[in-house]
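Right after this note come the structures.
The following pair of complexes shares a single chain, chain A, combined with chain B in the former and chain C in the latter.
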Partner chain A sequence: MKRLIIVRLAWTFAILLGVSFIAFILMRALPGDFVLAAAGTTSVSAEALDGMRAELGLDRPVLEQYLVWLGNALQGDFGASFVTHAPVLQELAPRFFVTLQLSLVAIVMALLIGGVTGLASARLRGRVDWLVRAINGVSLAVPNFVIATLIVLLAGLYFPQLVVFGYTPFAVDPLKSFGNLLLPGLALGLAVSVTISENTRAAVLEVSNQDFVMVARAKGLKRSTVLFQYLLRNAATPIITVAGLQVATLLGGSILVETIFAIPGMGQYLFDSITRRDYPVIQAIVLVAAGVVVLINMLVDIAYIRADARVRL
Partner chain B sequence: MSAGTPLLSVRDLTARIATHHEIVEAVRGVSFDVAPGEAVGFVGESGCGKSVTARAIMRLAAEGTDVRLDGKILFKGRDLLTLSDREMGKMRGRQIAMVFQDPMTSLNPVMTVGAQIDDVLRRHTDLYGRAVRARSIELLDAVGVPDPARRADDHPHQFSGGQRQRILIAIAIACDPDLLIADEPTTALDVTVQAQILRLLMRLREERGMSLLLITHDFGVVAGMVEKVNVMYRGEIVETGDVDTLLSKPQHEYTKSLLAAVPRIRVAGAIS
Partner chain C sequence: MSLVNDDIAPVGSTRRSWRAQLRGGSVLLCVGLLMLAIMIVTTVLAPWIVPYDPSASIGMPLSPPNAEHLLGTDVIGRDILSRLISGGRTTLLITGIAVSLALVAGLILGLLSGYLGGIVDETIMRILDVVFAFPVFLLAIAVVAALGPTIPNLIITIAIVYTPAMARVVRGPVLSVKQWDHVEAARSIGVGDVRIVSRHILPIVASPVVVETSLTLAQTIFTVTALSFLGLGPPPPDPNWGGMLAESRQFMELAPITVIAPAGAIVFATMTFIILANGLREFLNVSTRR
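Let's look at the complex of A and B:
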């Protein structure tokens, strides 16, 4: 286990290095730069623009800029936002927490919805199976920003007393904070729930046909014992895998969902920063997102070992 | 129970299996008795309905298949087909237990073998706490798993096929059932291990006074193990009798051809 974690951490470092480089190059390859975005439509002389670029170091070769950024980053300095001039990490931390909270709500909802529908589909078969799969098909086909917009629209029309937009900080009122995130979490988690539902269905169907389930029934065990100890414990591994892989989907989806629900999270921040070409902020967010995905993958691997004694990594 | 009353009395059992496009009569009007302590064999080729008959007594069907049972399955005078699912659940593993064909796939891979004996004990006995595991270890010892106290914490993949079948037998006998159904218990095992498992079943049956229903396609397994044999063919019992008579003087054509199909080693003139 220790060796596994050390190897994974080394890999993580390599992955983050690669991701940071690609993100750096891609952002600078986009047409326009921070200076042009900041100038907006106002007419500013080319000399003035160049002066600003020189001040921010944007006039140097891209590779040199990257190495400077990397050198600072390795010492824990991720620079300051071009827009607010505040240190990036200080700006990012609270927003990261909000997105973490939203993703948590979304993954819990996705696991609940997907787990229950997938299980019902596999166990009850017939019409239930047909219905679940039809709904899954539709939910998968509709992008999350459409679902988010529909939720906002329907909630606004029929439940005007509900607060749909905005976010209450966790420190102010933890319960209300999570309450605010239920609808956005649903919008974000719905697509993920489809994947979890389909995989739960397939996994449970496969395990149902295993001999040890028949043996468990021949032992006269209660239905709940057979379900949890025999069926679900064996179906858990593929479900954990899928849920882990979907974390990346959640991070990507949070950009649009946070923007629609006016939630001050990392996704919305990324969206704004890309529009403004706020390079240091974009760079930090990409790193954090990549780090989270790698970390979750490691946790999934550890979960394998815990769930199934046969697994040796 | 008075002497002579059968423990199990199956009368006119019919099993219909509904598939997507048709209804198959897998078992047609089968009747037989098993006396207390008696060992009865069922022999027939694959698909003859012997496994369906065995599972019918447990009221078990493969997942996702729709099996309709008609007739009577009288166990200690009660018709099992009229019991509620709850009542049947209390019967399974407690009074009637079953050992299956493939030990490699019959144990839950994510639970320790000890835990898989514990759960049947917890379900049907009054044991609790440490007494449960102590009993599980005794059972592993009784079926010949070496070093049972330590090995109870191992997972199924750490055992060989023969050892796993021993563990499954331990699970089956855990609550001292009156009837043990063994459905092809040695088919998936090496020949040398087969004999060990059969000897184990014989010994346990004698020690505990259980009745045994042994299902197999192999006359070699039945000989020396059971008193009575039923030969099944296409869902029906075509011949029944005590094992020695049936092996020496088979009446039905099908029994004769089955017996002729058993490979023989000719000792006379064998390569020395």
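Let's look at the complex of A and C:
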């Protein structure tokens, strides 16, 4: 098992290297010049541009540029924003926290909605099962930015007193901060809840057919004991694994949801940076987001290896 | 005369006839195909069936649905129905071409990887793993932002983003099918690699690939409209669903139809491909993934 984990760690490291290289090269492959975007205007003299090139290290070989950039990034130095000229890290860190908070709200809602509907679907069967699967099918077809827009529309039409937009910093009022994120969290978490619901249903159905559940029932244990101690406990591993693998969906979706609900998170920052052509910021966000996804996938894998003795490749 | 006729490709699973299947209740497939037909017909006939010029202001701004403008008009008085039809054309065109490219690339990579195995397999899969590590939408945004939002760039981006998943879906079954007896038999009578892959492996792995393609189409509709929603879609004045949704958000309480119409179109398109995927899965006997 140790060897397996070490191999997985080494592989994660290799993927992170590849990811960082793509994040780097993407922004260097820009049509037009990187340095023009850095200058923020096209009416600059050729000498001034050459000076900026040297300053940004753009006159050196690409591989060297990459290594310098990666070295700095590892120390938390993502360069300075083209627009505000402040260090990217300083602007990114608080926004990263907001996105983290939003993702947390979304995943908790998804686990609640998905878990309850999946369990109901598997245990009650019949009409409930049919209804849950139909609703899941529909929610899967509604993209999160459409849901978010419709939530905003409905709130605006029928609950005009409700504050839909904006964000209260956690430090100011923790309760209100989470309260503000409920609707955006719902828009973001709904697609994830479908996956969780379907997997819960499958896992519970599978576990229900196992002998030990039949034995537990046969020896007269209470229904609730069987449900929580036997069924859910054993069905939990695949459900949590699936939830962990949805982080990529959440990070991608947060770009849209944050833009719609005016939440000052990483996603909105990315959107603003794209419209402003602020390439160091885009680069940093792509790197951080992909890094988070890779690391969480690794954690899920390792947790899976530890939890299930059968996973021995 | 050889004992093994290499022209007889084996059937992967015992199937009932098409008609028996359809009578047997492949309702999903029928509904999916019907919805697809509606979309294709409107897309192809778009230039002839749009009631008005989609980019011209021809009515009162934000007028509600009425006899002249079935879905009302937008904030500068353009006919929403015309914009929906014409925008669908752009969206579906990008989606169709991009997914076809991803399908071809995924098939080639997946077949090479699965059939040849060894170092080729390792190299291809490891490179795809790196692309796979990015959240799809994030990668799409980064690539489009880097290349610039034009229709060809959108197509390239989406093809790149969805190729790894396609390659994986192809590679999996190829790994096991290439060890089946009929492949062994074909090889032993000296059938070439290309023919083995195209006649003895491809037909068997086709079913999961067809289902995956349909799911990818649904996801691509999402990605294209979401990119347009963020302003990274086809450049104006071409209407597109995501852009229509985005530009109407400010006025949606005054005229809900300006938002509901494009939202409905997006959901219809996504749902078409999800229903189609489920219908095909049922019809082709593909076991659910994971």
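Criterion: the second predicted complex is superposed on the first by the 241 of 313 C-alpha atoms of A that agree within 3 Å, B and C clash if a C-alpha of one lies under 4 Å from a C-alpha of the other, contacts with A are read in each partner's own complex, and residues count from 1 in each chain.
In the analysis below, a contact is a pair of C-beta atoms (placed from the backbone, for glycine too) under 8 Å apart; a residue touches a chain by one contact, two chains touch by 3 or more.
Keep in mind that this is a model prediction, so the values were computed, not measured.
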Clash-or-fit label for the pair chain B, chain C on chain A: fit
Comparison of chain B and chain C by chain A residues contacted: C
Which superposed partner A:Leu112 touches (first chain B, second chain C, both, neither): neither
Touching partner for A:Phe212 - first (chain B), second (chain C), both, neither: first
Chain B versus chain C as contact partner of A:Ala48, first or second or both or neither: neither
Partner chain in contact with A:Val146 - chain B first, chain C second, else both or neither: second
Chain B versus chain C as contact partner of A:Leu162, first or second or both or neither: neither
Which of chain B and chain C A:Ile5 touches, first, second, both or neither: neither
Chain B versus chain C as contact partner of A:Leu221, first or second or both or neither: first
First, second, both or neither for A:Ala86, with chain B first and chain C second: neither
Centroid geometry (CA): angle chain B/chain A/chain C, rounded to a multiple of 10 degrees: 90
Overlay on shared chain A, then closest C-alpha pair between chain B and chain C (Å): 15
Doubly contacted residues of chain A, that is, touched by chain B and again by chain C: none
Chain A-facing residues of chain C, complex: 126-127, 129-131, 133-139, 141-143, 145-148, 218, 222, 225-226, 229-232, 242, 245, 249, 252-253, 256, 259-260, 263, 266-267, 270-271, 274-275, 278, 290
Touching residues (chain side chain B, partner chain A) in the complex: 58, 60, 62-64, 88-94, 97-98, 100-102, 105-112, 119-120, 123-124, 155, 157, 168, 171
Complex contact set, residues of chain A against chain C: 14-15, 18-19, 22-23, 26-27, 29-31, 137-138, 140-143, 145-146, 149-150, 152-153, 156-157, 199, 248-249, 251-253, 255-256, 259-260, 270-271, 274-275, 282, 286, 289-290, 293-294, 297
Residue ranges of chain A touching chain B (in the complex, touch as defined): 125, 208-222, 225, 229-230, 233-234, 307-310
